[in-house]
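To keep things simple, chains are lettered A, B and C as they appear, and every chain counts its residues starting from 1.
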Amino acid sequence: MSRTLKQKLFEPPSIRQMAPGTKIIVYSILLLWTLFVLFPIYWVFITSFKTAVDVNAGPVFLPFIDFQPSLHAWKELFVFDYKDTLKAYSNSLIIALSSTIASVLIGSMAAYALARFEYKPKFGVILMFVIMMIIVFFAVGRYGVDWRLSCAVGVAIFVFLARALGHHFTKHLSNGDILFWMISQRILAPIVVVVPIYLMFQQVRLLDTHLAIILTYTVVNLPIVIWLMYDFFRSIPYDLEESAQLDGATRLGVFWDIVLPLSRTGLAATTLLVMILAWNEYLLALFLSTSKAQTMPILVAAMNAGERGILWWSMSVVIIVMIIPVIVLAIVLQRYISKGLLLGAVKG
Amino acid sequence: MTVVLDAVSKSFGAVKVLHDLSLEVQDGEFLVLLGASGSGKSTALRMIAGLETVSQGQISISGRDVTEELPKNRDVAMVFQSYALYPHKTVAENIGYPLKIRRLNRIDMEAQVRDVASQVQLDELLERYPRELSGGQRQRVALARAMVRRPAVFLMDEPLSNLDAKLRGHMRAELKHMQHELGITTIYVTHDQVEAMTLAHRVALLEGGKLQQLATPRTIYEDPANLFVAQFIGSPPMNVAHGTLDAGTFISGENRVATGGNDTVKNAVIGLRAEDCRVVAPEDGDIKARLFANELIGDHTLVTAKVGEDMLSIKAHKDFEASFDQPIGIAFDSEKIYLFDKDTGARIRNV
Amino acid sequence: MTVTDNTERPGSPRAVPSKGARERFADWLDLHAAHVFIWPAVIMILVFSIFPLVASAIMAMSRIRLRAGSYQVRFVWFQNFEKQMFGSEQFHFLGTFAGMSALGWVVAIVVTALIVWWIQRYVRTSFTVLGFTGRLFTWSLVLGIGWLAAATFFSGHHFGTLGTTLFYVIIGCSIQFLIGLGLAFLCSMPIRGRTFFRVVFFIPLMITPIGVGYAFRMMADTTKGPFSPAWQWAGLGDFSWASSAWTARSFIMIGDSWQWIPFIFVVMLAALESVPRDYVEAAQVDGASSWEIFKDITWSQVVPVAATVLLIRVIEGFKIVDLPNIMTAGGPGIATESMTLHSLFAWRSLDLGQSAAVAYLLLFITVVTCVSFFNLVVLKRIRA
């Protein structure tokens, strides 16, 4: 090392002090990766302005030089087929927004509860609940008992037994266990639960409605919200909340007036993350929507099935329309997201 | 409004932090709960506020039983040690928050906030955020927020301990003045005996979750109920010397002091305030001692003398001079003597 | 509530003498706040997660026939699983077993030996019943997968959806982690344009997997795609990547990596940047080289984050379905079919029992893998 101790101490290393060779290697790797990241997006973008001829005759790369950009694919989708596109787009918007609001709200409340109150659910009661649930399922599935009746009776018996026997159990779980239980729901692959959820919504005639998808997305994203928000809430001093209580606020009021505004950074990151996940989700929507509640990913995936093969130009338009708002959000808020994600990752 | 605690106890699991505390705070009174950390004083305050549940006993405010009542329905306001200002609200919003919760209309709210703010000289700072204020200003905001809704009771949890010494003296005077003006019953928790003595109408001294003495500052200083109170209050703390009490004569080593009574206690403690002692020539004193150190404080010299194994502090004239280990005598009036039973800590009073 | 004496304080907003229904309700909510806050989440998880989980378990042990408007259920215990593991669906789930090659035997023996060594080391050093039982699952899974790989992949026979899924998860996640970490390290260096790189590298994570699938399908097209001139030149114009099992799998993995490397990158970059500068500077003063600084200081600081981020990636990795469905529809044959896709196809053919059984097998493998990883790797790194 040729740098003197003084240099090392007082001049933080900067690009000028990196060996020229290293510099070239670093920049070429980064630029190469930039190319790798941007090229597919660029390709989708220019394909959306191509005509069938431009696509099928082999690759053309540069608009106005290689080929004459045309708006026909855009027109087709937004002028002729605008109803389908707009429908899917508005479905996606409604579903992503509602489910995000719901899961951020419900998840934050649960995370706050776990950060502030002490819970001691009895192990025995939980076991009783699981046994009762299995009995209910057997009654419905095997013996064909009406599901409403079965559930109602099951819940009634459970509540009765829990009240009567609950205090006999001594072993109980802690907040940490509840937190782990909630967060670990994310491990659950959606395919495991989607068929029963499908059947459930079929029974209550909610298939292919916004509500069904919103509810499902809300639950799927709850673990992320709880996981990310828990630490934010723990870092808020008790004093503030107690002070607000004495000022006359209810617990919900404290949560709304004091706790949520103080966790703005975390909320922003969490909201954005959950919204993007909901916006892009495919598998659950595939099961739960058929036509009326179809979301954008389903619309895009369905374009595969054309008779003339894939209409790349139309496909590209839809993809562009779908990713533009997300990319804009991502660029504007990427610092928030990385901070939020880091916070979650650090505490594990 | 009066606050009454009737045999209130608090346990955390198996640990009992407060034993049968009974207090009666009069309307408009300034009561200070004084004690070291862990004495249960903060727990008692938080129970009055409703932030801790009551294990046993009953708390009533203005004659209404509030033992099971939610904090928000108790009509009390609290000033926290950390001030607990809402960082995302401006000073005006902080002060106005209790009113906003009560759905007061905007115009009344603004008027009341301005009124209170001017009482604590915050007029110029209403638009600032707490992070832009100094410690003293934050303290005022916390006070203003407590004052604005004119609660039945003020609760204060060491509100001055985050201020520097100079500001603390100033705020103490302001606080006392303000409480007098508003005439609102105040319960104030502190570990600082100077705050307690200067602010309180009455002081309740707690130790180990038990009430040691509840009396006016003067009484608590001049007539301590037991050895703990005697040693807690006063700066420097009351001098004590250990020995035995034999038919009214206190015996410690070569020293014999007539106490004026005729009790006999095996393990006894004699107590003397530093300002009640005088340093005299060895042969003139009531007890003989050796000079351990002398420190010039300013208006007086603090002399530390060694009597047997016990150290005694004496306030002497500021021009007092002496050399180390010099034999001295300590003189005092026999009616200024306090006697305690060492084993129980109880005061032995000469009838 | 009794009336408080408020005559002395005119103009103050006092509590009204008696509470209205609204206030009583607010007080009731407040007294039960602990329940009010947590029950919405608990109920939603119970209804949409635990309830379906149990239902799915029962479905996995049933034969279900959909009729018009209703369905018929027959309980068959573990027949569905038996069919996947040993019966007519074995080729689909596990792969084809047609004798072990020499290499296969070597791999099988090495895996077995490793497990035996691991067991005896664990029993010798620290033994608890709970720890042993937990590890028993880990060992069985590793042993099973090791033998499966030996009997299929290393013996030259094709493997089923389990193997494919593990390929995506193990190979895919490793590559993504290494590249993501590498890029994060480069971006944490004092270079110009860091903001630009960090924003650009972040973008793919936001893009819908469906879109990624189509984009990469276009990229990979040998006749119309942007690289077709290169393919033609290399004499591979007629070659279709989608017709060969390994190229198809690799392309899906590239698409998946394109999407997920940003996730690793973003979190690791934030972690690298939060390493206190004094540590690094102290080491620089001590004369450590960049590599030594990274290895001894930076890495030990970020390793808990790295372990967690890898865990998250693995959890999400097991769920892969969009890309294979869009890019190859599982083909050629079943070469790129992930377990989720396998289950989805079974559902499409109205075989609900098999669908649920495959889903449950996926769940079992995911849970054992993730819990093992969490307990054996992540927790240790966080505690260290």
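The rule is short, and it goes like this: contacts are C-beta pairs under 8 Å (C-beta built on N, C-alpha and C of every residue); 3 or more make two chains touch, one makes a residue touch a chain.
All figures in this text were calculated on a predicted structure; none of them were measured in a lab.
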Legend entry - Taking each chain's C-alpha mean as its centre, the one farthest from chain B: C
Legend entry - Most central chain, judged by mean C-alpha position against the global CA mean: A
Legend entry - Pair of chains joined by more contacts [C-beta pairs], B-C or A-C: A-C
Legend entry - Whole-Å gap between the CA centroids of chain A and chain B: 55
Legend entry - Inter-chain centre distance, chain A versus chain C - centres from mean C-alpha coordinates, in Å: 14
Legend entry - Approximate Å spacing (C-alpha centroids) for the pair chain B, chain C: 60
Legend entry - Per-residue multi-chain contacts in chain A, two or more chains: 250
Legend entry - Interface hub residues of chain C, defined as touching at least two other chains: 30
Legend entry - Where chain B touches two or more other chains, by residue: 70, 72, 102, 149
Inset, instruction - Spell out the part of chain B that touches chain C in their complex, as residue ranges. - result: 1, 62-64, 70, 72-73, 75, 99, 102, 104, 149-150, 152
Legend entry - Footprint of chain C on chain A - complex, ascending: 1, 5, 8-9, 12-15, 18, 26-27, 29-30, 33-34, 36-41, 43-44, 47, 55-56, 58-59, 61, 106-107, 109-110, 112-114, 117, 119, 130, 133-134, 137-138, 141-142, 178, 182, 185-197, 199-200, 215-216, 218-219, 222, 226, 250-252, 255, 276, 279-280, 282-283, 286, 296-297, 300-301, 304, 310, 312, 315-316, 319, 322-323, 326-327, 329-331, 334, 337-339, 341-342, 345-346, 348
Legend entry - chain B to chain A touching residues, read off their complex: 49-51, 70-72, 74, 76-78, 80-82, 84, 86-88, 97-98, 101-102, 145, 149, 155
Inset, instruction - State the interface residues of chain A toward chain B in the complex, per the touch definition above. - result: 237, 239-240, 242-250, 253, 257-258, 261-262, 264
Inset, instruction - Name, in rising order, each residue of chain C that touches chain A in their complex. - result: 26, 29-30, 33-34, 36-38, 40-42, 44-45, 47-56, 58-59, 62, 73, 75, 183, 186-187, 189-192, 197-212, 214-219, 223-229, 258, 262-263, 266-267, 269-271, 274, 277, 281, 284-285, 287, 289, 304-305, 307-309, 312, 315, 318-319, 321-322, 325-326, 339-340, 343-344, 347, 352, 355-356, 359-360, 362-363, 366-367, 370, 378-379, 382
